[in-house]
Structure formats: C-alpha cells, structure tokens
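Input: structures, listed below.
Shared between the two complexes below is chain A, which has chain B as its partner in the first and chain C in the second.
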Partner chain A sequence: MATDTQPPRLARPATRTMGRSVLLTLPIVLWSFLMFGNPSVHQDLQAHIAGAMTAVFMIVLFFMMMKTGTTYRWRRWFFVSLGLLFPIGFIHNVIAMRGTMGIPVEEMIAGRTPFCFMPIPLLILPAAFTRTLVFPGSILPNGGMSGSGIAAMVGLWLAITLVIGKGWCSYACFFGGIEEGIAAVPKRAKIRKIDPRWRYLPWAVLLAMVLLSLALFEPAYCMWLCPFKAVSEYVAARNTVGLIQNGIFVLLFAGLVIALPLLTKKRTQCSFFCPFGAFQSIFNKTSIFEVKIDQSRCKPCVLCQNACPNMSLSKESVARGEALMSCMKCGACVDACPRQAVVWHIKGTDVAWKPERARLMFLYAAWAMAVMFGGSIIAQGIATILHFLA
Partner chain B sequence: MRLRAKLGYTAAGLTVLAALLTPFLLYGLIAKGFVGLGLHVDEMYSGGPKLRSVQKGDYSITIHRAVYPHLLQSENSFVQLDWSPVSALPAHVSDAVDIDGDGQPDVRVSFDVPSDPKAQLRVNVEPLNPRYQAMRDVEKGRFSRLIVRVDNAILVRVPLAKP
Partner chain C sequence: MVGPILFGEALALGLASGPACIAACGPVLVPSLLSGQAGLRPNVRTLTVFLGARLLGYLLFAVVAWELGVLASLVTAPRGLMIGAVYVLLASVLLWYAYSAKHICAQSCSDTKLVNISENKHRLVAGAAALGFLTGLNLCPPFVVAGIRAAGSGSVVQALLFFSFFFVGTSVWFVPFAGLGCMVRNQAVNTVARMAMALIALYYLTLGIAMLLGRKGYGH
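So, the complex of A and B:
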C-alpha cells in the first residue's frame, strides 16, 4: 500500500519549447556580450575570435540546460573545457614571461608569483596573528606576474563564494575539470565500494596544512602537496628538497587526478584530498541555494548517491532529506533521479515548491559567474591555441 | 507565502543581483577592502623594508632592515643588500658595507657581474663584524643566503650569525 501513497513518477518537468528556452537564455546572451564584447579587453584577432567562441559556447550550453531541463552534462562540458584549457593558457603565459614552469627565486622575491585560490585558507592564521601574507606574490590587485595580485584573486573568490557557496568547485575551480573529464572516460567504475570515512580526509588535510602554514610560515600545501603544480607551475628544483617536492606533485597528480578518477568515476582529489574544497564547504552553510531531497517522492534507490561525483550524499543524509555540506551543486544527483525527488532548493521555502524556479535562480547566478571567471580562462586557452595555429 | 519563504526568495534575488554586480562593483570593493587591511608579504620573500642607501660612484647599495624567521620557519635571519642599477656596476664588485650605520664596515661583499642577465651569480661575503656569517661561492639555494638579479638590481642576502 505504501507505493499507492507515493506520488506518480513524473515526466521531466523542465523540457521546454524552443521559444521559451531562447527567451530564458537571453539574459546570458546579454551577459556574455558584456563579458566578451568589449574590444578594449582583447588585443588581437585571435583573442577576439577566442572571446566570441567562448561566448557562443557558454550561451549554447545554457540554452541546452534550459531546453532539456538537465544541468550536469552541460555544465560538465564547460567545466572540463575549463580544466583542460587553463593549463594551456597559463603555461604558455608563464613560459612566455619567464621561460620556465618552475618559479625562479627571483620571481618570488620580486613578488611576481601568480596567486591562485588554493592558498587562501592557509593565509588566514598567519595574517590574523602577524598581519603577514605567507605567499611570495603581490598584494595589489594589479600586481603579480600578469596583473592579478593576491587582492584580485581574493576579491573574485569571495564574490563568487558569496553567490554560489561551494558551487565554486563546480563552476569556478580551474583544476577540478581535469579529473571530472578523466572520471567521465570509463563506462563503469572498477572500484565501486569506497569507505565513506575517506570523506573526512580533506578536513584533516585542511587542518594540517593550516597549522603547518602557521608554524613554517609558508603556504605548506602549495609547497608540498598540490597535485595541480604538475600542470601549472612548481617550485624550481634548486636542491634535493625541490626535487622531492616536484616528485610529490607528479605522484599526487598521477594518483588522485588520473588513476583514481579512472577507477572510481569520482572526483577523487576533490572528494578525498582537496583542503580548499573542505574550506569551501563551510560556505555552503551561508549560501541560499542548496540541493534537497523531497522525501514524499524519494524511493531510496541510491541512483543519486552513485551519480554524485564527490560522495556528498549518504544513506543518512538522504533520509534527512539533504545533501552533505560538501555538495558542489553540480546537479548530477538532480539529473539522475527518475522521480524528481532530488531538487534545487532555496533555503526557507518548502522543498517541493517550484524547484525549477530555484534551479533557474541558481543557474543564472552560477552561470553568470562561470561566464565571467571560467569563460575568461577558456578564452585565454583558446586564444593560445589559435596563436599556435596562426 | 510564509515569511521564511519570502525571505528566502528575497535572499536568492539579492544573490543573483550580487552575481550581476560582481565584475562591475563587488569584486573591486572586496579587493580594495583586502588591500585596506594593511597586510604585507612575508619579509622572507620581500626582503624587509629599506633602511638607507649608500652611493658608490655610479651605483648605490641599498641596505634593508634585518629579517628574522617566524616560529619554525626553516631559514636564518638575514640582511638584504641591493646593488643598483646593474648597468652601472663594474665587471667585478668588491665593496665593504657598513650595514648597521656605525661608521665601521661590517662585511665585504664580492661578486662578478656577467653581461648575460641570465647567467648564474655567485657571491663571497667576508664578515668584518662577528654578527654576520661568511658566504663562499653561494648562489641561490636558500632565501636567507643568496645572490640573485631582480630587474635592475643585484640582491645579496647575508645571514646573521646565530646568537
């Protein structure tokens, strides 16, 4: 009798007509024009073409989200492109400016080390106790190697985080796309049973790195553990310690970003290691958007848990009707649920009440950030490729 | 609609507005606020504030304040000396430098200035005051004892003797 009381299985509610989908995409068309249509930003023809290609790419993906009512696979196209094109643009940039991917000590002393978002949690305690930033960069927004100092990245990070919380890890992080792309390659996971306790490891890494950064007065994660140093820039190996550091970067990249995603079909670096992701989880508590489970529709089938790329749904959390605080808002679980029980949600509203409205509001905010931040990185990567082809 | 739901939608609307304002206003405001915190980059990297300059013919030597390591930082304390401009330096520099400003030279610093700006530099430092450590053929292995060329200056970091 229990099945009789459950709501009937619904057709996907958000499949829209062409006209309505176009209408809903218009704000993103306008936004993309604002972000990529300024001729003063782009210097040459290749950059103009790259900007136009990126704008079209982002508009088409958003249109498909509107048309099909699904989010994950279209977002994944963007995110994987971001992950693959970031190293191309970045490495080309550093090699053009300093001739090597290794950070020379001269550049550190000159405060020209590019600042990515990863060290942000590591800077907090030393800054709080001594007003000192333990990073060899420039504080000024227009400082640093390519005019993007620490203040610029902190400004972008905090603004985007205020808007989408841990959605940063699905719409802005320029590293996660590499493993998301690799995780998408195999048809089936070879390792399916993963001990859920591994989920706590990023918190342990975060705590250890924050304390070590305070004690050693250096960005400990960047110096010793960041797998993405292998595809961005690394400590120039001036001595044996430098060689060991670079060896660790390559091993972690090979293990966490290539091998394990291939075996598990999960974003293993993000799920089980990334201290920034753990730190970012805190901001899911302040974000107005979240993923909820409508328990009146849910028939615990674990499809959502299997679909989640970073194990942010557990049996217990589904029973509570919510995702864990590590949820990256990628939309995989929402798309995977055949009963539309997993829904986008605005805090304070009833769970089952107009989830598509919540999805739209979240996607407008998230996609605006994706076009602005990720889009500019994609455009730089495409421009680099066009430069090589020209 | 309940009050909580109204508040939720209002907050969501404000969030979308914040997203739209990010590139034009919000990002710049946060960045400016961050700069306004008055933080500074660790002196182990930046070399500490400049104390004074000594003119030596066509070039000058800038003396920085001594930098001391924090907590478990794996570096010695040091003093940074800058020779600039590089274009005015002779092929071989050997200068006695009064670091503490008492009128007596504290170290003699010697290095060659190769014409190739990418060439590896090596420095010798002879301490004339027991407060400073000697350096022999040192390149750039550690932040607290090195010689590097940064833009139009050659920087030498002389480690302080341990007390």
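So, the complex of A and C:
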C-alpha cells in the first residue's frame, strides 16, 4: 500500500478572495482574543508574548484554510506544534512542582496527577460498579483531590466529542502531533503494505484495558502501556515492576511514535494502538460531520487511501462511499482528491449538498476547540521556552 | 440453627461480593466469550463450563482453607508464590485459548472445514474449564474473606457447603454475561477478542513472573 501522507497538489478547490477569507476568519479572531486576551490569566511578560504569538498562529492558520480551501497541511502545522510544545510546558511544570518526572503512587492516590483525557474510557466500569474514580487526577495546578473538576473536564470532553466525533484526535489530542510530525519527515514510506487487521488492535487494547482497570482498580493503560509516559510523567521506579513499566513506555514510544511513523508515514500509535482513539471512533456515530465519497465523481485512483494517515479508507469503504468509523476528519483525503469526490458532509443531507458549507461548519467547531485546548497548551510551551531564553 | 445462618451468610457474602468477582473474572471471561460463537446457547454452555470449573476451584480452596485453619500461610510469602503460579498458568491458558479461537468465526456452517469447528469447540470447552478453574483459585479479597470464614467451620463438609453457597451468590452476577452471545460475531469481533486475550495474558504473565521471583507488584 502506498503511503504518502502529504496530499498531492494536483487540483485544489477554488481559492477565496482576501476580503471573504478575512470575513470568514473573524469569528476565530474574536474567539482567540477571548482565549488569550485576558490579562488576569497571563501574569508575566513571557506569558503575554506567548499568548499573542499563539493567537496570531491560530488565526493565520485558519485564515489560510479559508483562503486556500484546503485543510490538512494547515491543521498539521497546528497539530505538530501542539505535539512538540506539550511536553516542553508539561515537563517544566511537573519538575517545577515535584522536582522529577517520576510520580510515586502516593502522589496518585492523593490526587496530584494532572488531568489527562486518556483514562476516560477506563473510568467508566469502575465508576459504574463502585461510584469511584480510579484516576485520582486533578486540574488544579498544585494538585489536590478534585472530583468535581474532573467531572467538569469529562463533561466538556463529552460535549465536544458529541459534536466533532473522532475529530478530537486531529484537533485536540496533545499526543498525536509528535508522530504526525515524524511521519511527515521522510519523502516516501519504506513499509507500504500493512495488514489491515492491525486496525483492530486499538479495540483490543481498549477492551483489555477497560477490563483490567476494573479488575485492578487502577487506570491500567496509564500504569502499563501509555507510550507518552516517556515524554510526560512516568511511574517512579522503586522496584522491578516499576522498571518494567518504564521500559514498556520507552519501547512503545520509540517503536510506535518514532520508528514506525518514519517507516510507514502513518500515525501508527493512533491507528494501531491508542485505546482512546478506538473509544472516540464510537462518537463518529453521534457526530453530524463526516467524510463521504461522491460516487458520481470518484475514479478509484486510491490517492485518498494513500493520503489517509490512519488507514480509515479501504477499497470496500470507498466503494460504499464512506470513510471507516476510525476517520479522524483531518482532511488529508479531501485535499488529496483531484476530482473533489471526497467531500465533507453533514449527515442527513445529500452527498453532493454544499460540501464547503459542511467543511466550514465542522472547522468552526473543531478550530474553536483547537484554540481553547491546544492553543493554551501551545502558549504554555512557548512561554516556557521564552522563560528559558530570558 | 447455626447451619442455615452460616449458609445464609455465605450466600449474602457471595451476592455482596459479586461485583468484585465480576471485576476479577471479567478480563478472562469477556474476551473468551466474545471469541466464541454467537448465540445464547453456545455462550451459556461456555459460561456453565467456566462456572462449573470455578466451583471446583472454590471447593478445592475450601478444603485447603479448612485444613489450614486460620489460613495463616496465605498472608505470607507462599501466598505470593501461589498467585504468581496461578497468573502464569492463567496467561498460558489464555494464550492457548486465543490461538485456538482463530477459526471460530472464519468458517461458516456451510464451510467444508466444519470438522475443524467441531475440534475447536472441544478445545474451547477445555479452555473455558481451565480458565474457570484458575480464576476459582484467584485470591481476590472477597474470596479470602470467605476462606477465612470457612476455615472456622466445624467440619470440612460445612466448609464445602459454605463455599458452595458463596459460589451461588457470586454466580448470580455472571448471568448477564450470557447476553454477550447476542452480539454479532464477525472477523473484527473475533480478532479483537483474541488480541485482547493475548494482551491480558501478557499482563498476567509479567505479574506472575514478577511474583514468582519475589518482586513486589505494587507500591511503586
């Protein structure tokens, strides 16, 4: 299977005029100002500069999406920046707070673990059976048990997810950007044939981790399998089991986030491992936005399949005129199609009904969330770098 | 009157401990049911074999508990070794089961390789029995509580009856698992279930080996 992630530049949708593009960008300008213009949030000069840089960055990218009519490569700038800057800001905060990236189990029990969305599916069964959260995280900067804070974050995640579905994995996840950036480095994929059955593995990881979390009463994925522990906070290794856990984190990160994306030009961790991604796929059923293939225009050239970074298009799904349930709505296939047969679509409408309007509606929802979630993380990363440079 | 009260207590303890038992057995039971054939009947059969073997594990434990009296040895080093050995065996059976289940959904009834399905059926029944027996020996907290209570029984028969009633109490919670038979079976479900079994097996194997080597599983 050919695996060029970068969409070819054969034919683009018609570009917009400057004035119309500015007009369409205005809501994002206002939203960015609301997010980063509050002086009480940013207290020092570095934070002010970082906020301003982030706002300009997000606005310019959205403007380019409007101007060029393409999505993928502008989104990728944002997503890779998010992936690279998240560890910088996060590690700095963790070390400033705790003095180490290692987290001892008593800190976890005390609820001094920063909130992460990854264990959300792992919370469900233990909470249903015992009304207890097995992820004692906190959204407060100095820790402390904060069940209501976590409930608010889970509520926010659910609201966003119901709207954009698995778009979360392309516009909000602060982990996927690292591998997307690495996948963009080589010109051609070394591994072109990937057994499609590997697409089932994230569901298996999800099933295994949900069941083990209930059995062990701990977020099993975070304790044993999360590759991103290697660049966030790992288990403080006080014994052999701790060492094994950290070894697994490092191996998975090196394999799934660095080596395989380089070889395949795919987001391999997202496509073939991430249980949260599998969980998010379910919400593609609730989201009104989707990617469709207009059969009347499609010549099966497989450019869309090659462009998809997580193998969400197969010969069979293209023949059915739709992407698979795992589609992350990154826009790579839409941008890659020279016949504009792959389109953004709103459920319940005809496949050919105003795809650009569907794209705009999706992008406003997704980019507003990207500014709010990802933007604040990018700003924090930039502020950390500025802090070190000052 | 001591008998009925004791057995009522065992039943109540089993009913109350059901969620904990489901939690402990879920990682083993759910993927093994999902990797099997669709339909209520095959699932009920697998579940019955699993629970029957689990009862055997319970009864064996009841005899041991009664023999040991206060279960003193179960709270010291041998307990870790026993759990470690059970985990390693459980992992081996899970891996074998995951491998054995690979043809279940790939072949329909009209397939010429029907004989293979039949062979697999027997292997999977044996697998379900082995998994049930090993989870029956798994020392989850309510099980240890029941063991301590049974250890104080007047006779080995009372200890056996105590565990039987405890088993009945916990088994009520397993009945909904038969509903998994109503789920559609296709290559995707079968593959996901087998992959999940392999992952869970690797987890148990890691913990089991660590315990056999005398390493701490928790407290990092």
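In the analysis below, the second predicted complex is superposed on the first by the 359 of 390 C-alpha atoms of A that agree within 3 Å, B and C clash if a C-alpha of one lies under 4 Å from a C-alpha of the other, contacts with A are read in each partner's own complex, and residues count from 1 in each chain.
Basically, a contact is a pair of C-beta atoms (placed from the backbone, for glycine too) under 8 Å apart; a residue touches a chain by one contact, two chains touch by 3 or more.
What you are looking at is a predicted structure, and each value in this text was computed from that prediction instead of being measured.
Visitor: Which of the two, chain B or chain C, is in touch with more residues of chain A?
Guide: Looking at chain B versus chain C, the one contacting more residues of chain A is B.
Visitor: Applying the document's definition of touch, where does A:Leu214 land relative to chain B and chain C: first, second, both, or neither?
Guide: The answer is both, since A:Leu214 touches chain B and chain C.
Visitor: May I ask you to decide whether A:Gly37 touches chain B, chain C, both, or neither, giving the answer as first, second, both or neither?
Guide: The answer is neither, since A:Gly37 touches no partner chain.
Visitor: Would you check which partner chain A:Gly255 touches, where first means chain B only, second means chain C only, and both and neither mean what they say?
Guide: In the superposed model, A:Gly255 contacts neither chain B nor chain C.
Visitor: Based on the superposed arrangement, let me know which partner A:Trp203 touches: chain B (first), chain C (second), both, or neither?
Guide: The second partner, chain C, only.
Visitor: Is A:Gly321 in contact with chain B, with chain C, with both, or with neither (first, second, both, neither)?
Guide: After superposing on A, A:Gly321 lies clear of both chain B and chain C.
Visitor: In the overlaid three-chain picture, which partner chain does A:Thr240 touch, first (chain B) or second (chain C), both, or neither?
Guide: A:Thr240 sits against chain C, while chain B stays out of touch.
Visitor: Touching A:Trp224 in the superposition: chain B (first), chain C (second), both, neither?
Guide: Only chain C; A:Trp224 stays clear of chain B.
Visitor: Applying the touch criterion given at the start, work out whether A:Val105 contacts chain B, chain C, both or neither, answering first, second, both or neither.
Guide: Both: A:Val105 reaches chain B and chain C.
Visitor: Do chain B and chain C touch any of the same residues on chain A, and if so, which?
Guide: Residues 105, 126, 130, 214-215, 217, 238-239 of chain A touch both chain B and chain C.
Visitor: Help me check something: in the complex, which residues belonging to chain A touch chain C?
Guide: By the definition above, chain A touches chain C via 104-105, 125-126, 129-130, 197, 200-201, 203-205, 207-208, 211-212, 214-215, 217, 220, 224, 235-242, 244-245.
Visitor: Which residues, counting only chain A, touch chain B once they are in their complex?
Guide: 31, 35, 105-106, 108-111, 126-127, 130-141, 150-152, 154-156, 158-160, 162-164, 214-218, 238-239, 287-289, 346-350, 353, 358, 361-362, 364-366, 368-369, 372
Visitor: Within their complex, state which residues of chain B touch chain A.
Guide: Going through chain B, the ones touching chain A are 4-9, 11-13, 15-16, 18-20, 22-23, 26-32, 34-35, 37-47, 69-74, 140-141, 143, 146, 148-151, 155.
Visitor: Where on chain C is chain A touching in the complex?
Guide: 19, 22-24, 26-27, 30-31, 34, 188, 191-196, 198-200, 203, 206-207, 210, 213, 215-220
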